[in-house]
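A, B, C and D are the chain letters, set down in written order, and residue numbers restart from 1 in every chain.
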């Protein structure tokens, strides 16, 4: 077949947007002190502080796994327990990074609808977790915004969850690999689903939304920053020419680039979700669509040139369809048509 | 003072060369599978295999510290000992990364002229190291090419060192943050100072020589590759849009870009070294110049607008002067003039 | 109240049996080389080899947590996954020891009746566990014999479970803190529920069954022994006067001491279980009895002078009653009477 | 030869003294709550507080390596640096335990006469150690009392060293595997060479001085105790029948048992040292004697039935001769005679 594949595998397959390459070119001027003492990196705290409407400390990284694991390592002792959803990226897709970075912290995995944690579930898990010297010590909760099933926590949901965590002395981490997508869907200010709700540290992802490779760990609770900086260096996550990551992040929050990219991706997903109709297994609240197609349905779709990942075991029949900012609109049209055909009653 | 500083702090302060930005733009086309299954990353093994004149497995990373620590973690058990020079980057400048990545391996630090390890020194250290169950187990040797004092190992020096290591069952790692500079100085083929001499794994750096952020770990002994890949992922060092790192590395070895950049930086250093004359504390065999200036001499140079780091304690009086591919030639002229004045007999 | 409490908290509260103190006195003769090169330690392999009817390598340790964690660290890479029951001691009662010792291996916790793992459950979990570079790599299964609910795996159950594990390349570890109790209940040879069924490494506990502090890690697969020995030393688990641990283990398997002690404890538990009748939540197949008493029932029992731990959350109403070799028989009588009264229909 | 060897290899080869076995028998009465909530363990803080003339928190362990590594892990972050003598037990004889327990802390090894650290040496090392984000962070100093060459720190030497450490924010750990021997030699109160001099945490060894297996970690700075307790548990170093370790430690400090044993061992060493005369390479201030015998001298001594370890490389010709509380006096006589013959001018 001469046509290129129609790829809905991941927003990681996307290109970088032109503003990002322009930002790199703009940062590529003159000698700049390495390891973060350059003007671009130094602007990061202020730029993200304005974005979140609160003074923050922000650190540029190249991968989301590093952002999550480093943030969590700062929040938990090696004998700590991190509570998260059973489907969380940190549990399923990071090859044990949180345990590596923290020196052995144990994940305590919980159930929850649409891959979100409910306050009651967390409270019950903490109640059932004895805290003698024989057990790992509850230290942190990690939530994904949007969730692994593409659902968005509402501000009040998050606030209730954080309240449970804080009341027991746990810190709250948010994996925001698709933070922009969730915020766009919610139509809220970024503060409302982070520090105002009680989030202590955020992995703020840009790589899936137009950057080449840029993530920021944003500390709303800045006390732990020194520990974080040393962990980052020894993990080989302190980029020498830091300006090139920082410049991407600065571009990301400038002139609403994050929003334009996310809304474009969300719009595609919304259309795909509408086409999937009753076969959706979770509401479409970001740029991911999870559809029960059955084994045959998936096979047919792939035969038609669509590429995507299974969600869960292959035989479970669920397709994960992800759209990105640069998705070819004709591919989206084709996918919607194919789904409408299959998913109609 | 209106003039910008004349910066000789590090080759990390340099810009990326135009070919690198062009390579990013060229790689920014179309959707590409993430995490390394893209056409650029897939070309890496062959491109570096040709560069080294031997089939290799090569892995793209964003930092040199990650490259070193991941490579070493693959070569040593957690109870292993890594032999290196007392001044090695892995011992002094990586905040304990090798111990973190390996799960606790211990550095055994040795003396050596011009920050190079001599075969006899290594042999003596191994002789003196008992290998009962009570001691860390000798597992690897790590050498820096060029060394931390800007000196280059000759092929026969390396071969002798590797022979000692291999005879005792140790693997050899090379920190090649400035590999291109050393090879250009030596005028040899890259193979001669790597696998032909006995090096098992190389951290092949491009960031200091024109890239934005690109390092490759190159395995000449490919048996350990699976372990490496899993360690890389769990360390958050597997870049999702891997093509952007791979594209830099491909550009680096294409059309001798690595050589052009390195020779330019080396040429500057050679001139600076000649100006320093008898005050040099090590031969200039790469792009770093170490000069005994005394406290006053350093102060005078800084007052004249030159920026550089001390080498060792501030009061030791040694300046480290590093040139990069994009160094302003008028700054080099000025530095040479200033040094000639101070360093003349 | 003048009476001492009637303690059914744990077999760890028990005294050491006279044979153990005699063994220590017997070993306390003459100078003996430290760290295991003494005659007592040197007899261990042969004594346990005879016990298990197969050549083994056996290592003396002071705690069961160390035995489990060291054994598992030898079986799994730091990016490995260890499959175990949700109630397993390694998951709930060792403060994260397996992750610490292995350098970060992740527990994958499964459900199972009476705290035993079923082959189908393991197979399903392995089927559902993708093994890309993004996931922790299945490396080992750990089972407890007897289980955390006092149930014993039958030889054929174990063989089926081990077959699933081995077919996927996983090693099998057995936590035998109450191994003797299970074997006595089953009336089988120790080989039948270890290497003949496919167990690769056993934590063979004596501390809960008459020793002061003595556990052996027994390798039926002896290839991994060198790695184990080095891990043991660096963990501070190699006892200098090793003879005193070895002597306990030698005494334990001599003249059926292990059996006499375990049968005594089992006999008490059997009687308690009969008294509990329909309130049992698991069959009594070792020296532990789990009884649904309700909150009030537990309170009444405690008021009557009985000491025991809750099983699960306090409000779940389940009492864990453990007997030991040296249990005061009148206390058992009293407990049976109290339970009969409460548990009668 | 029918005669048993005359063993001067280590005080670890010794038997346990009768008071220790009596203490075990005495502790072997009645059911006692496990994991440290027993009357013996509960008396430990007070007994050691009286011994050191200051309230302390003390924890019973089975090995000195565990005591050292756990204490250090509590004092240093994973990116910390621990300063110690090049010959320190933690550097040479514990298979990397401090790095394992701390999660990767790096040893910074210093020279020093008679294996003792001098305040000036430490100060110079700290001056030369930059503390940017690129370097391991100085966190602790560890000294051995007596030193690895059998020399004892005087109270004022220790106070000066601790003052340097504390002025830079480092904590001080003391490896007291032969603490009793040093104190007996010095004739001082235990407080004078611990907390009064500035030591924060002590590994207080009894195993080499009459116990079966008993070490205490004694915190003079009690703030870090909770962290220590959790690290101890997850390391499998919390003994279930803790009473049997605690009982040894209680016996050790009761009725000056520690002193009687140590003085006996010291007295033998003093005699051996006098016989060695000018061949001593370090003063005899504990129960170890280091003698330059040459290769031939060592061979002759071994041929005469004496067993001992080389110190350093075999060809360096140095013998380490260690005496214990239970040394056969006729063996000491014979050794003195043999040495006198060889060492006379």
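As a convention for this text, a residue touches a chain if its C-beta (ideal position, glycine included) is under 8 Å from a C-beta of that chain, and two chains touch if they have at least 3 such contacts.
All values reported here derive from a predicted model rather than from experimental measurement.
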A-C against B-C, pair bridged by the larger set of C-beta contacts:
A-C
Most distant chain from subunit A, judged by the mean position of its C-alpha atoms:
D
Nearest whole angstrom, what separates the Cα centre of subunit A from the Cα centre of subunit C?
41
Using Cα averages as centroids, what's the distance between subunit B and subunit C in whole Å?
51
Please set out, as single numbers or ranges, the residues of subunit B touching at least two other chains.
35, 78-79, 94-96, 100, 103-104, 133-134, 136, 230, 233-234, 238
Under the touch definition given earlier, write down the residues of subunit D that touch subunit A in their complex.
35, 77-79, 103-104, 133-134, 137, 227, 229-231, 233-234, 238
Interfacial residue positions of subunit D with respect to subunit C in the complex:
4, 7, 9-10, 12-16, 21, 24-25, 28-35, 61-70, 94-97, 100-101, 207-208, 212-213, 230, 233-241, 244-245, 324, 326
What part of subunit B is in contact with subunit D in the complex they form?
78-79, 92-96, 99-100, 103-107, 109, 127-128, 133-136, 312-313
